[in-house]
């Protein structure tokens, strides 16, 4: 494969991925409004299109045409840069996420993934950890106490939970013996005793790891019950209080893109990725894994929304206590036990 | 060729970030410049094949250490730097000394290292190999640094904890 | 193909920038960042030398430097916070009593 | 296989006592202090007795190795103990008399402040003395040697708040340093030539050497230097001046250290080193001459002293002179014999004198005593025994030992003998003078004696609330009685048997039986003469100080300058003051202090300090506390280092 074709293929994949991702983001918002609405005995969006399906489009148009207010007291360079940073890092991580097996088009054998690197998971972690800059800088540059408090909370919270998040993944990494997401998924092919899928979540103590990951991921994405940085009741809107129009939309997109990334990573690491029953004609055979993968992401997102509709918000000290005194020791214990299991097995 | 171009591009970004760090008077700008430097350094590492180092560079340096810096800047609400003239020595001796030292070291590096050409990814530092080395050949230093980190954690907690709050907690 | 000396020179420039920052910066946090810059410069030279001599220990060293830098950042920033509490300034020219 | 005698316990027991009393004794009651001190010193005595009981079964010398102390190259000094007949006798004397004096001290020191301190020092002294006696090499002996000096210093200065006591302690210490200097140089010579300080090694190295006649040979030099050391410790001419002053210490101390044991260390050392002295006749002659002269000299001073303890002090010096005379004529066993008997009767004399002083409430001047016979009969009778013993009346102990010394001296030279007999006469005279002045006639002190201390309250017995002359408590009298018995019977063992007992040690010095038999007749003559001399002394003392007490005054005025000289101890202290002390002070103050110390050393320091001050004043500005300045210096320094390294690397 020459470098030219490589670049062309990569470009196509990137554009495709971005399009799909942004659409998914938009419809995740719709899904959330709809599901939460039903949970709260409301209808959710219904006016625009059937079942309100065109609501995301309408929202987008509205965001675009709203007046872009820049408050006079902000530190302008960073005020403008912050949402860009947030959304850029949120979208970047999709680059290493595989959504399925190889696809052969003519003589080209193309992986369903923008790029396959053998430190894929590390890149996701790195990019996610950089995402905090967007929130923190937004909070600081807005020069408003609500924003600053939100930004401070966000950075402290994300640094704290990143530790547990990272540690919860190490068990899976030890089982797979690789950082490459594709290798990790491949390691989960097959079944235990013929009927239980060989997913990491069923493997030893990885259920706890999954739980830790779930909690840490909620905190990382600033979602309920850990949405302290944007706690409406106390901080107006937290770090994006001073933002409006498209800049606000960027934070919104970043948050939901992060949710999808997190869901994708959870599926890949714990839920067997794209593995599932494959049947039918070749085209179906090629697309079914993608469907299984998307289904998992959907389920994960549904849980996200479900939790949002159910649980109250933590207090900040409870959040920190939970992270440092419960999740972290649990993650370390899981790490030790998994290490022992791996050592005994080999 | 691609290697050289990438090197030059990211090297330029690196140097620009470093110079910007010096030029900016607001610490948060300096911090962000430093993040840029670190990010482009990660790319330089990738070019040399040290992929794991690059990843850790991003996660630890850019993602954790610098976030800590930004956090502290925000916490202390550090303002624009004052241009006080507290030290003539630094300018009269330090800067010339630095210049002389750098020039000398640069000269030695160019003259004496043999200066081989390296291809992209010259020495692949795959996680597996690095891990093997860390847990075999460098086990003792690894453990020692872990103790160092533990001590650092405790030190940071002790230093940063406000004596008044401790008092209140005891009373309450 | 890139000569190894390019990397070394880049690392030297970064290090020199770090030293200069230490010398001319007044804000203690900026000075701290200059130190990090110096460490990064050194790290680059480690990786470059590792590539030159085909010895992975150079890369291992970088990890240790990073760990130490992280620990140093934690403690250093804690010190900065406690200094700020008592002196209410971050300007090193005004913190020259050599005590808290 | 020699049995393990645990010799190390003998010195360590008193050390334990000293440690306990010294460290925590302050909080103890007096009874507790006493029981600790007596327990440990008594235990040491008991141990020595058990060793003595088993002694005949031992092969001598019995060596006991404890631990290696110093090892440097081929040189090695150990903590090792050496037991032979000589050290056994010394052990018995030290622990036995020491134990008795401990008991005596309980009564004597009961009222003193620092009671625990006194017993700690006393036990410490026992430890060092036993180390000295038991050591198997000169180095360990030197440790004991210095240690007893230390204990002596501490005890002389026991009433350290009193100026005279403190300076007496210093004087003893400093004069002893002169002797130690000689001892040390002797040790260095021994190390240099024999590579060891172990008695056995050294003596084996010495034995093959033929006796030297010249005055500058190795052994002569060593012998003379050892004699310097011995003269210092045993108060011989010219280093005797400290001993009379040492009487500032408590009387039991005078008895134990400055009469019975420590001062005999020199004699012990010379006897122990007899192998060396045997081969250095010139050194031996010097020893004899010094001993003889000291005996005479101190005796003449003793005549004119009025302080009861000073008389005894000079008497001690004189008796030590006898011992050195014995050593000097190679009659070591006679010397040691006299050492032993002297320990009994001189210890007794001092204790009795202490009892007298106690009785009259701290008075030491004999002119204020008199007629005490009825008041303190026990003290009187024991004192009488001791006086007769030292004067050399048969059958008291002193007679046998002194007679043996005189006889052996006569075999070498009649000059020694003549002076010895004259000294014996003097001894008898001044001792009976003391006896008569103290116990007979009428009491000349102020009444009640409890308050009449005058200027001589060396004992601080002010707290003695009971007035009048009184007998000492039983705890003080018991040792007196024991020692009195020993003074009486101590000599009955006979010098011949004693010599036979010691012959394994002094095998070189055994006189052939034939010669002894031939001399037997003359020995009787010599004995008769010396007894006559003693009797003459008794008569004259009776005449002068009992019969006609005004006579001494007339004679004294008749003698004029000579008497003055004797009263003032021949002005030796003044002579030393003018000869050594004043030039030393002058030299110290003018040359060393003003010239060197102030103008050179101080000036150098002051000027360098000023210079440093000025320089650092300019450097002070470097220490601005400014972080960036420091960084600047570091950067500049780094540039210099880098430039240097590159320069070195490219050269």
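Observations on the structure shown:
Letters A, B, C and D mark the chains in the order given here, with residues in each chain numbered from 1 onward.
Keep this in mind: a residue touches a chain if its C-beta (ideal position, glycine included) is under 8 Å from a C-beta of that chain, and two chains touch if they have at least 3 such contacts.
It should be emphasised that the depicted structure is a prediction, and the values quoted were computed from it without experimental measurement.
Chain nearest the geometric middle of the protein is C, using mean C-alpha positions. Centre-to-centre spacing of chain A and chain C amounts to 33 Å, using the average Cα coordinate of each chain. Chain B and chain D have Cα centroids lying 78 Å from one another. Centre to centre, using the average C-alpha position, chain A and chain B are separated by 28 Å.
Here the spacing of chain B and chain C, counted between their Cα centres, is 5 Å.
Contact of a single residue of chain A with at least two other chains is seen at no position. The set of chain B residues touching two or more other chains comprises 52, 56, 64, 68, 73, 75, 86-87, 90-91, 94-95, 98, 101, 105.
Looking at chain D, residues 624, 626, 628, 631-632, 635 sit in touch with two or more other chains. If the chains shown are joined wherever they touch, the resulting network has some other arrangement, not a path, ring, star or complete graph. By the touch criterion stated above, chain B contacts chain C in their complex at residues 3-4, 7, 11, 14-15, 18-19, 21-22, 27, 30-31, 34, 37-38, 41, 44-45, 47-50, 52-53, 56-57, 60-61, 64-66, 68-69, 72-73, 75-76, 78, 81-87, 90-91, 94-95, 98-99, 101-102, 105-106, 109-110, 113, 115-119, 122-123, 125, 129-130, 133-134, 137-138, 141, 145, 148-149, 151-153, 155-160, 162. Chain B makes touch with chain A in their complex at residues 28-29, 32, 35, 51-52, 55-56, 58-59, 62-64, 67-68, 70-71, 73-75, 126-128. Against chain B, in their complex, chain C makes its touches with residues 1-10, 12-21, 23-27, 29-30, 32-34, 36-37, 40, 43-44, 47-48, 50-52, 54, 56-57, 59-60, 62-64, 66-75, 77-82, 84-85, 90-94, 96. Within the complex, the chain D residues that touch chain B are 622, 624, 626, 628-629, 631-640, 642-643, 646, 649.
The residues of chain B lying in touch with chain D in their complex are 86-87, 89-98, 100-101, 104-105, 108.
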